[in-house]
Amino acid sequence: MALFLEFVIAGLLCIGLFAILGLVLVLMERKVSAYMQIRLGPNRVGPKGALQTLADTLKLLSKEGLTPRGADRFLFNLAPFVAMIGTMLLLAPIPFAKGFQLWDINIGVLYISAVSSLAVISILLAGWASNNKYSLLGAMRSGAQIVSYELSAGLSIIAIVVLTGSLSISDIIASQADGWWIFKGHLPVWIAFVTFIIAVTAETNRAPFDLAEAESELTAGFHTEYSGMKFALFFLAEYINIFIVCAIGAILFFGGWMPFHIGNWEGFNRIMDYIPSSVWFFGKTFFLIFVIMWFRWTFPRLRIDQLLNLEWKYLLPISMVNVLLITLVAILGWHF
Amino acid sequence: MTLKTYFSNIFSTIRSLLKGMRRTGYYFTHHKEIITQQYPEYKPPLPERFRGEVVMPHNADNEHKCTGCTACELACPNGTIKIVTKQEINAAGKKKKALDTFVYHLELCTMCNLCIVACPTDAIEMAQSFEHSVFDRNSLIKTLNEPGSKLEEGIE
Amino acid sequence: MLEEIGKTEEGDLIINIGPQHPSTHGVLHLVITLNGETVKKVEPHLGYIHRSIEKMSESLSYRQFIYATSRMDYLSSHINNHGCALCVEQGLEVEIPERAQVIRVLMGELTRIASHVLWWGALAMDVGAITPFFHAFRERELLNDLMEETCGARLTMNYMVPGGVMFDLHPNFQRRVHEFISMFKSKIGEYDELVTNNAIFINRMKGVGYISREDAISYGCSGPVARASGVSCDIRKLYPYDIYGKVQLEEVLDDGGDCYARYIVRMKEMQQSLSVIEQLIDNIPSGDHMAKTKAVLKLPKGEYYSRVETARGEFGVYIVSEGKMTPYRIKYRSPGFSNLSAIDHMARGQKIGDLVAIMGSLDLVIPDIDR
Amino acid sequence: MTSEALKTAITALLPEAAFEDGREWLNVRIEAKDWKAFAERLRYQPGLDFDYLFCLTCVDWPAHMDMVYHLTSTVHRHTVVVKAKLEREDPAIDTVCDIWRTAEFHEREVYDLFGVRFNDHPDLRRLLLTDDWKGWPLRKDYEDPVNMIKL
């Protein structure tokens, strides 16, 4: 009974976190884009527009969820839930603070890369079941894109796994107690980090790799036919996905909740320790999210063939060589 | 493609992208560059030539300058203006044509200013108002001369 | 080669781009045949905002019909009005005061910059960068404001009338144009940083939507589209009207023929327009802003054709007069109409994303095409 | 080429061609049946090279219709206006869209608004109006009580 209660509480907290994160991230995106575009952004609902996304959610909740005629009703309605469930599963092994982790699985990194590839199924389902040509094209693009970019994302994760020697997320964080990998690992880790950021931007279908949606070409891509809450679920899943990949980036390269330490500066290190570990974790994650948003509001979109070229001709060879380099660094113990 | 061009391609690409990010980053941190005007609270002053709608100015004695010559009606490309005249007997006892009602269809008007240019007595002019939306189309049909108004002295 | 690509077969995907689509900038409707991502054929369907301005004009007087041309190519409404005014003046045989000529040319060039700035933002948005669109509006707003001050309207001006211009310049005009020039010069470097030099953008543009010199001529392309293929067709240079013959103006040519060439031509044209404005702004002759014309205009029996260079290309006005108060027939030769007809030729064998880039680089204004 | 030289060259091409006094450009009036062959010569004959068809339109007169073609040469920079008279009942003329590609759209527009049939046109459909539109709006006798507003 107690176990059941624990499950319920954890589940409710997860859903609560989802809702809050979605609201915050959408607001953040709108504010970031507004300032970059010399605009003010939402500023009418609540103080400085803070409640704007809440109002939008209410609007989406009260809208009619249409199912187009000729659509595969079951798959059409299933797709947003698959997207949501896929993202929810990813939340399990992420440590939000010191000792605050739902499930410390010993193959955490493997679990994450396995589950994150479920996202493409929901997009394919949505695109196929909508009975809309734009949706279908968007889904096909997304399939090609996610399948390719998973390779270099996986390889850059492997770089850190090689350095740490463990697949467990808590071990990876623990290995960065004396310094984050981005500082300890020299150039190869830098290369791995850049490939990781590019690959996850593509994997989450964010601009400049948002070909699955590409509003100037395919109106809205795979979710053209979705409205109301079903659309909101896709929207939410997209933002939570960004949060999760950025959290993983923070864990792998910036030490997760681990505070910033410099060698043997005892006083400085103690001050850093004083800042709560959850602040460290969310600070790093939101910094990475900001970088990904920065990409979106600066760059034009790639074309589908250029997108695949970038992966197969540049990212993949580079990250393969990079894994070799990392292995060399790890064997010879060149890192600090 | 040699290895050298391969890598120089990568570096020049990254450099050009970083330059763009520097520009958007600049605007992200410099909030005084924001150009948004918050409309209902702040209404920017409109230049005096702005063409919002046709009005007929009246002086303090409720007199206008329109003689009812229909030059504006003829000049209008859309049939926006309808002038109804009446016969009036002036002080000298002579019969004379005078303005009865000046009907202005704001819903047909394209603000082309041709009526203002055509008017020989400068009886009508453009106003700077622009918030014309109403719920009933009929309220856009306006009578420009005020009730009981008459022609100013000395205007032929 | 293109014929071969255009062959349709079973299993091709046929998609409607438009009439309501984010990248058609209005109500253009393209039916495209796809093989996977590759475009096989593009078939434009026009007329969603056809208002038959030509028929309307047949019942309007020579002063009245000009206002409607502002509503065709609304981004270069000054220049459209200019073309109509020139055509009527041809028939009236009036001498336009030099001040009016200078004002017309100044307004025309300011309009060209305003139009090209908006095109720059819209093209960037078509290829997926949204931020430049807002930055473009910053400059365009300044131009709109200074035009509003002199002409009384922001978009549909109706400022150029047969015989000159409707009002004299506003006293602030020169000062504000100077402000604009210095502001624009400081910002044009940002355009390069954000878009022109961006590696992704260059890759999206280079080699896309190629049209050769011969084809550009055959399709009747004009303006930046033709000049990017190396066709010398600038009306301001070849058949100078008003005082264009007296100003220093270089015709921008490029032989790339692709979207990138069209992009570069328009960017350089903005500089050229800026230089024309700089030459004229301090040398506006004093005098009347309008020639004396009769109250009722009547064109002698005959045919009149005048052409001007709008931001999109050659705009022609063909008036057939029977000597009455209203024209017997008016034909507008709009640049967008001919430029659009080449889109099938340009897009065959390209990707969907390229089609959007091509549409952006043609700088289509749909009311100009539909009339 | 000057107008005079053009006149001689065109007379050599088509002796039946009549010349009207144009204000700016040379106006040539031809028979509709001669148009296709004449157009080909104008386009391809060295020295003429009229490669740019910048305006194609139609004028509806009480008794007949006039097709008006404005041609210019990007090589020699000379311009000529060619006019061909058509019957008002069932007007027809040969297409020139294989000579000047731009004619394809312009001819469709003229068909749409004037009802001129272009022989051998690859795709002669209504362009601006809906497919089921009745009548030819730019003709002078066109009446449409629904869509035309009399002021």
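Chains: A, B, C and D, in written order; residue numbering restarts at 1 for each.
The rule is simple: a residue touches a chain if its C-beta (ideal position, glycine included) is under 8 Å from a C-beta of that chain, and two chains touch if they have at least 3 such contacts.
This is a predicted model, so every value here is computed, not measured.
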Report summary line: Per CA centroids, the chain at the heart of the structure shown is C
Report summary line: When A-C and A-B are ranked by contacting C-beta pairs, first comes A-C
Report task. Provide the C-alpha centroid distance between subunit A and subunit D, rounded to the nearest whole angstrom. Result -> 62
**Report entry** Distance between the centres, which are taken as Cα means, of subunit C and subunit A, whole angstrom
**Finding:** 44
Query raised in the report: Between subunit A and subunit B, what is the separation of their C-alpha centroids in Å?
Result: 51
Query - Cα-centroid distance, subunit C relative to subunit D, in whole angstrom - result: 25
Requested in this report: Would you pick out the residues of subunit C that each touch at least 2 other chains?
Outcome: 131, 138, 194-195, 198, 200
Query raised in the report: When you check subunit D against every other chain, which residues touch at least two of them?
Result: none
Report task. Would you give the residues of subunit A that are in contact with at least 2 other chains, written as numbers and ranges? Result -> 36-39, 297-299
Query raised in the report: Got a list of which chains touch which?
Result: A-B, A-C, B-C, C-D
Query raised in the report: Quick one: in the complex, what on subunit C touches subunit B?
Result: 60, 63-65, 67-68, 131, 138, 141, 148-153, 156, 158, 161, 166-167, 170, 190, 193-195, 197-200
Report task. Could you please specify the touching residues of subunit C with respect to subunit A in the complex? Result -> 13, 15, 21-23, 34, 37, 124-131, 133-135, 138, 194-195, 198, 200-201, 203-204, 351-356
Query raised in the report: In the complex of these two chains, what residues of subunit B are touching subunit C?
Result: 12-13, 16-17, 19-20, 22-24, 35, 46-47, 49-51, 75-77, 110-114, 117, 126
Requested in this report: Could you pull out which subunit A residues touch subunit B in their complex?
Outcome: 32, 35-40, 43, 294-295, 297-299, 314
Report summary line: The subunit D residues in contact with subunit C across the complex are 22-25, 27, 51-55, 57, 59-60, 68, 70, 74, 77, 100-102, 104-106, 109, 113, 127-130, 137-138
